[in-house]
Each structure stands twice: as C-alpha cells, then as structure tokens.
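By written order: A, B and C. Residues from 1 in each chain.
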Amino acid sequence: MRRHTLALLVLLVLLPSPKTAAATDELRFYLRSEPKTFNPLKAADDASETIRYLTGGVLVRLNRDTQKLQPELASSWKVSRDGRQITFVLRRELRFSDGTPFTAQDVKYTMEQLMNPDLHSPTADSFRSGSGKIECEAPAPDKAVIRFPAPLAGLDRLFDQVAILSSQSPHKEMAVLGPFYVSDHKPGSYVYLRRNPNYWKRDSLGRQLPYISSIRLDIQSNHDIELMKFGRGEIHLINSLDADYFDRLSATSPAMVHDAGVSLDSEQMWFNQVATAPIPAYKLRWFASRNFRRAISSAINREDLCKVVYHGHAQPAMGPVSPANKFWFNASLRPVQFDPNSAMQFLRADGFQLVEGKLRDREGHAVEFSVVTNAGNRARERMATMVQQDLRAIGMTVNIVTLDFPSLLQRITQDFNYEAVLLGLVNVELDPNEQMNVWLSSSETHQWNPKQKTPATMWEAQIDGLMRAQASTMDDRLRKKDFDLVQEIVAEQAPFIYLVNKHALTAVSRWVEGAKPVVLRPQTYWNIEYLKLDVERDDNGK
Amino acid sequence: MKRVRQAASVLVCTLVLISVVGGILSHFDYSQQDREQVNCAPSRAHWLGTDDLGRDRLARLLHGARVSILLAPAAAAISMLLAFAIGAVPGFAGGLAERAAKTVIDLALSVPWLFLLLIARAMLPLNTSPAASAMITFLVLGLLGWAAPARILLARARGLRQAGFITLARSMGAPPARLLCRHVLPNLRPVVAAQFWISVPIFILSEANLSILGLGVAEPLPSLGSLLRELESVLSLRADLWRFVPLVVLVLMVSSLQVAVSRQEVYS
Amino acid sequence: MLSSILRRLLLAVCTIVAGGFFSAALVRCAPGFGTDERQLDPRLSNDSIRAIQGLHAEDRNIVRSYLTSLGRTLRGDLGVSRTLNRPVRQLLHDRAAVTATVAGKGLALAWSAAVGMAFAAWFWHTPALRLSVTLFSGALLCLPAGVLALLAILLDLPAYLVIALIVYPKVHRYLSGLVEAACKMPHIITARATGATETRIFLRHVLPVIRREVLALAGVSIGIALSAAIPVEALCGVAGIGQLAWQSALARDLPLLTNVAMLVIACVVLANSGADLLSEERRQPA
C-alpha cells in the first residue's frame, strides 16, 4: 500500500498536470524575495531590480544576447572624446504609463534624484568618477546633455541601469516608461504588473508591444516548490535553476531547460588578512602568506566540484572574470590544476611539515581553520564539505560553519571574526569598473583586508594603480592591457581562491514563445516585450 | 499487549545496539567521499546507496543514529528536569510562586529564542569540533524546551494540591519534599513520559533546523535530523525509497520506546 | 471574579511589555543586527557603505529605543518595517486574520482528531488500535515540517492541514496519557460497575477529571500552532504573521519583530490565562 502511494506521489511529481494561469495571457514566475523598493533609483536587490527591468524605461539598453548597446528612449547618443560628456537625442512624443509626456526634463530630474547623496544608490556611485558635481542640461525637449567632473570609461553602458522618472507625474516612481507597470502589490505575497498602455515600442508589423498583457510575480524562496509549480505549469519561467533541478527537469522535459553556457558568476574562497582581526596571530601569518594560499588553491579539486556539485554545469574558475565576459577575460589564464604535491611544495617553502598525518607550521601549530559560508545554499555547503576532504588529504583540519546571512555579514564586514569564507560573486556588469571597489585596497569591499590606509602589500599597491589607470582612459585596448595585468597578479597572489564559474541554467515553459535564454541577467525575460504565451503549444514548440 | 511490549523492547535494544556498534556493519567511514559514485542506488558495496557526495548512506545512518539517539534523550531529560522545577514545584506550592512561574512560562513560550541561539553561536569559538557542536546544540535544546511541558505540569500539580491523599499525607506531617517526590511525582509520570517521548523526535528535527544558525551537527558528522532534512528534496528531485530509511528508523525507535515503557500508571 | 480578571489582565499587560522588551533586546544583541547585504555590493562607494551601516544608529541604545517605540505604540503608531518599507500596523492588520484562520482551523482539526483518537482508544482499547495510533503519531512527529508543507503543496492540500498534522501528535500524546491515567481511577471502576456506557463514562467522568490539564494543554497548543505557522506559512506562501516573523527574523527587522513578538506573547498569555480562568471557575465552593 505504501509502495503504491509513493508511486502515485512520484507520478504526480513527474507528470506536469495541465494547470495553467487563470488568464492565458498572464506570465507567471517567482521572485525569490520581497522587493525592497519600487523606486528604480534605489533598486539594489534582485527582486527590486527585476521590477525595475520590467517597468523601467531606459535611455539605452544592453542587449543581453549580443552584449551590445541599443537605443531605447534615446534614438541616438554620443560620448565625448574625453569621456566627460554624453549627449542623448530622445525619441519624441512618448508618454509615461499615466499619460504624462516624456521630455529631456525628465532625464534631468532623474539624474538629479539619482545623484542625491542620501539615496546610496549603487548606480549613482558608479557615476561618481571624481569629486565635483554632475551636471545635466535639457537644451531642447528631445536633447539631454550630462557632464561629469572626470572621465568615465564605459559611460554609456551605465545608463542601462537608469530608469527614467517623471518630473511631472503625481504618481512619482509608479509612472513608468517600460513595458509594464505595477498594478497591484501584496507585501510578502505577490506583485502584479500590467501592460503599459503607453509603451512606445512596436513590432515589425506595427503592433504595440508587449504581447503579454500581465505578469504575476509571486514571492517564493523555496526552490523545491518553484520546481514543483513549474512542473505543473503554474509558473512559466525559472530564471536561475540549480544544477540538481536542471537535471531533474531535463529528464522529463528536456525542451524546457536551457544551459546557456558559463555565466559571469563565480564561487570563491578567501582568507582573512585583516591585521586587527580577533584570530590567533599565527593564523594571520598563514593567511597572509602567498604560498599558503597557493597551496590551498592547488589542493582543491575543482573538476570534482564541477562534476559533483554542479553535475557538469560549471567549469573551473580561473580568475575574477569569467570566460563569458569575452572582451575582458584574460585568455592567457589557466585554471589551477589539482596537484596535492605542488600544494605540499608551497607549504614546505613556508616551513610547514606533515607530522603523523597532520600538517604543522614551523612553530608546531596544527593547521586547523574554519570556513564560514551562508546556510541554506546547498551547493555551497557541499562545496565546503568537498574542500574539507581535499584539504584533509594534505593534513589540514577544516571546520565548516554555516551561518545565516546577517551573522555572516557581520563577521566578514564588521567584526572580521572569521578565518576563511566561501561565498559567491554575482557579476551583473561586464565592465571591470563595476569591480573597482573590490580591488582598491582602501575600499570597504576589498574583502580580504578592507579599508587599508595604505596598501599592505606591493601587489595590492600595483593593483590600485592599474585599476585607477584603466578607469581614467577611454581607450579599451589600454584598459584591457591594464586589467589583464590585474588578473595575472590576482592569479599569482591568490587573495581570492576562485573555484568555479557556474553555468546559466534556466527553465522556460513550452507555452512561452520567443524566449531565448542567455547568460546575462535577466536570463529568460531580457526580451520581455517579445515574449508570448501560447497554451496550445506542445513540447516541440508547435 | 504484553507481547507487543516485549517485541518493542527487543526492537529498541536492537536499534540501540546497531547504532552503537554498527560501525562493523559498514566498512566505510561516514565522511569518506567517493566522487565517482554519487547518488548511487543500493548495491552490494553500498547497502543503502550513496548520498550527494558519494558517502555511504548506511555508515552515515548508523553514525547519525548514534549521535541523535544518545544526545536527544539526554536533552529531553534536561528539559523535563527544568519543566518539573519551574512548573510542577511552583504549581504545587501555589501563591506567588505559581503566578511567577506562569509568567515566566508564558514568556518562555513566546519570545523568539532564535536570537538567543544566534547569540550562543556567536559566543562559541569558530573551531568548535563537530562533536562538541552537536553536544552544545542538544544542551541548548534541552535548556530551551521546558516551557510547554512546564505549563502542563504546573496545571496538574496545582490540581493535586487539593487531592485527598495529599491532604492526608500532609496531615500526617509529611514535609513538602517528601510530598513532591513520593506523591506528586508519580502522578505526574504520564505527562512527563508523554513530553519526553514527544521531545526526542522534536529535538532531533530541531537540531537539523539549527544548522541555519551555525549550530547543529557540523559537516561531515551526520545526524538523523540532517539525514531527514534530505527528504525535503525527495519530493522535487528523486523519490528514492532508500532515502526514507532514516525516517523509518526514527519512527520505529520513537514508537518502540513509547510502547516498551508504557505501563500501569499510578492514579490519584 | 472581576478582581481576578482585572488582576490577570494587568499581569498579562506587564508580561507583554516585558516580553516585548526581552525580544527586542535579543534581536538587538544577536549577531547580524544592523547589517545590510548592500554592504557587499562592490558598486557602492565607501561613503555609501558607511551611511548604510549608520542607518541603525538610533537602535544602539535598546532601552531608549524600546521606550520610544512603546510610547508610539500607545499612540497607535507601530513604526515602519525596515525590510518591507510599510507601516507595521498595516502589515499586522492585513495578516493577522490570515494566521488566525489558518492556525485556528489547524488547531480545531488537530484537537478533533486527538480527542477522537483518544475516545476511540478508550472505547475499543485494543492493542492493534493503540499500536497503530502510536505509530501514526510517531511518524508525524518525526517528519520535518518542511516535508509536510511540501507534501501539502504537492497534493494541493490547505496550509491549515499541515498545522493540524504538526499539532496533532503532541496534543494526542498528552491527551492519551491523561486519559489512560484517568481510566484507572476508582470512580471510573464504580461507574462501570453501575452499568454506565463507555461513552457516558468518557464524557461525564473522564473529561471533567482531566479538564484542568486539557485546558492547560489547549493554551499551550496555541503557542505550538503559532510556532508551526512560521515554517508552514513561509513554505506554503501564505501571507500571514508566521511568514512575516520569519522574513523579519532573517532581516533583523527590529520594529516588525518586536511587534510580532508582542502579538504572539499576547496570544499565548491570553490563551493560557483564559485556560486558567476556566479551570478555576468550577473550583469555587458550592
């Protein structure tokens, strides 16, 4: 009896029941958390950025497929030679979702709001190239000119993140220029978007876009439930799929899952090198040693991590830039080979020795340290366990501590009461300027040793210089040369031990037409205006 | 029922014996990863298959059962001692003690202990060994799990205060301590026993949930709770029957214990 | 009677206030308070990150912060949630009814099942039935709440059923123990000897004897149901107080957490006080 019941349960999971959305023209997918704000200028979390992408109108858009900029609200734009000015020519006779006309004054207003220091907007900080005010003028209703105090490399791409607000609308940030607007919101439950009746874009036949009339974004953080609902046809997209679930869906519905290849994201470890950290001094000496870090890096089997944790949907990482970032990736870099012998050589060079199977430093301390990671991320917990075994083979004892995210954050940004961390880096942008604050030694986000008054090491000083140099020139060749050198220094010194670059795994229901999953975020709905729902469609797309 | 009780006792002893000396049943180490044999079905080499990291499930089950079976009852015993001290004693005493106890119990039932656990984790050294982490976790569970049974023990003890046999004993000069131990405690046994058997599986499951706070049994040490948490992905990933074995073991253990020790209760 | 009720009310209010302070202090002292995931955003400048870190400066002194919020609460202002950017009062108002419904139905179902099973065991008292019931409640106790919630979603079952499945084994185990103890009492033997039916004995002689403990158990089960509501609502996507509590706990949202804690404390205190009052009422001398 129990076996039959279990079989029935399995059947229910395997076969997606033909449940559909209440309306056949309503796209449904999940947000993994509550959006913190609907103000596009303040959006910094994943959920808020999703809303911004779906509702915000931008001057230029980075095409997630071709990775090239294309005109949006601006029909054309020009960046001055010195990189300090950008001029936009705007499309005419456009209106916000509430009917308010769109003019250059709105661009000016948006920039003024964005650059408000009280906003703490990451987009605004990206614009702050130097001290001095950013000026925006609207010499004509369809022309906006923005001037910066210092040259800003990659200036035009930054406007992909700036959703234009209305300077006149009484609805403030709720009046939008994007394909959808927020129609309803129940905190903790869902956000409902409707088609913007005044959206300016049309398809090749002159039909107004978007094709879909509404989007329902339920808030659900549980991946198992998301998979179940997708299998039953209750949601249409999964924008980021774990490898386990990818394989599960692939077995039953191969046409609905997509592996777009290696993404921009990476998983890495780093050691605490803060001199004042409340950890034993001898451990700080270990972590500050390049040989120690290189040894750890050599002792970790990245191929196994890719195979076991990600089921082959990942590749060993080589550095801070993923190969998916075709232009900025340093193609001369190679992944660190799994080589315990090489690891032992590095360690012996620093005076470490194996004594009865346990590694000890020259003062006789047994090499034991903890790795903290955030709880609830199964992939990271498994990686940490595999790293634990790999390092045990060279005599190290590693203790894994999983913490809830705020506790982890406190340790790595405020108390510095940690020894090693295993976390991931989500790269939204291609341009290395977005990582500036990771590499500048004086920065708060220079993770392994932040807020240095002067660079603690020669190589960090070198990286500081190179990053500043590449940010101040408009010549992409020179920038690439500098940034390639940064990547080589990082590979040599290993302040971050890069483990894997995950693939971009997504799921798209067979009822969705026009989807073309890509590597850049948002992977599945980057071309939301062109997506259609057809519930008659079969598995073969007919 | 006597035969059923005997059978349950035998089952309990067998399960405890297997978990304690079960290392000989599996020649694999519970932490040993075989990365070529990940998520394998049961075979001659791996009787219950392997887990996500290629570790032998049987070895992990045996070791995990040992951890949970030894520590969870200990934690339950601690919580019952506290429940008796904070619930039954003031309930029997009455007056201000009883009112104060009720207030403390109500508070204990409703404040978010999650944050106390976070504070506890923050105070622990980072390099706490998995075994020490497990013991501390169950100790904390025991120290926090007394409130619900204390409430019921208080109510029961208060009722016994006016019982005839208590009045008789009191009139014969029995001191309060003797009244508590010889007359009240035996009458509280059904409630104490009930809570004890409820607490064991609850603590085993709670330990697994505490991993989100950095407490709980740390990798690579397994526990029944952490093995049971895998069931959450069973429904969405793969409904392999052998993943339910830890659940079956725990159910058998808890139910057998309940049946084995249930007997005629003393009544008031 | 009136003075007893007033005394209890006063004690309840003091308990709620003290519990609120204790909860706020726990949240404030717990690691992770005042952190913001934006601190890891490499796009933010040092100044922005420092400004974000300083956003919770007003909560550094927990006593002052709590007294200020208490004063606002008395004026009807429960503050604004830092994670949801909405007035706490509105959030609680929208969600309290949902949780009350889910938890209420779950409790009712759990108690009905528990009393029903206890009666069935009383009436038929066969070893097979007792064993089956023990195994069933044992299995439910051993299943993680997450698995039960996922099963419910898979089978399209309502969330209150999950709460019932979580509460039932705990209630049943106590209840069956109390019933078992009661059935050995001399007056039960007497009642049987006089020819009373088992149903009459159960209703007229067993339940009244264990009424006090059952009422206490009822009060405690409300606390159990509210605790169960947290993972169930979070997993089943029910927009209730439980889901709010979980989200706010993870985000260390002090204004929201303090108010949710006080609401839960109020429910538990009132439930237990009510149970005590009911169990005391009959004890007045005739």
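The working rule: a contact is a pair of C-beta atoms (placed from the backbone, for glycine too) under 8 Å apart; a residue touches a chain by one contact, two chains touch by 3 or more.
Source: prediction; values computed, not measured.
If each chain is a dot and touching chains are joined, what shape do you get: line, ring, star, complete or other?
complete
Could you see whether A-C or A-B has the larger number of C-beta contact pairs?
Of A-C and A-B, more C-beta pairs in contact link A-C.
Roughly how many whole angstrom separate the Cα centroids of subunit B and subunit C?
From the centre of subunit B to the centre of subunit C is 20 Å.
Based only on mean CA positions, could you tell me how far subunit A sits from subunit B in angstrom?
42
If I count partner chains per residue in subunit B, which residues reach a count of at least 2?
Where subunit B meets two or more other chains at a single residue, that happens at 118, 121-122, 232, 235-236.
So which bits of subunit A are touching at least two other chains?
If we look for residues of subunit A contacting two or more partner chains, we find 9, 13, 224-225, 228, 404, 407.
Two or more other chains touching the same residue: where does that happen in subunit C?
Within subunit C, the residues that touch at least two other chains are 30-32, 150, 154.
Over in the complex, which subunit C residues touch subunit B? Could you list them?
11, 14-15, 18-19, 22-23, 26-27, 29-32, 127, 130-131, 134-135, 138-139, 141-147, 150-151, 154, 169-170, 173-174, 176-178, 180-182, 184-185, 212-213, 215-217, 219-220, 223-224, 226, 245, 249, 257, 261, 264-265, 267-269, 272, 275-276, 279
Which residues of subunit C touch subunit A in their complex?
30-53, 83-86, 91, 94-95, 150, 153-155, 234-235, 237, 239, 243-244, 247, 250-252
Where on subunit A is subunit B touching in the complex?
Residues 6, 9-10, 13, 223-225, 227-228, 244-245, 248, 279, 304, 307-308, 368-370, 372, 375-376, 378, 381-382, 384-386, 388-389, 399-404, 407, 417-419 of subunit A touch subunit B in their complex.
For a test of understanding, state which residues of subunit B touch subunit C in their complex under the given definition.
1, 4, 99, 102-103, 105-107, 109-112, 114-116, 118-119, 121-122, 148, 151-152, 154-156, 158-159, 187, 190-191, 193-195, 197-198, 201-202, 204-205, 208-209, 228-229, 231-232, 234-236, 247, 250-251, 254-255, 258-259, 262, 264-265, 267-268
For subunit A, which residues count as touching subunit C in their complex?
Going through subunit A, the ones touching subunit C are 9, 12-13, 34, 36-37, 44-45, 117-118, 120-123, 125-126, 128, 186-189, 218-222, 224-225, 228-229, 404-411, 413-414, 434-438, 442-445, 451.
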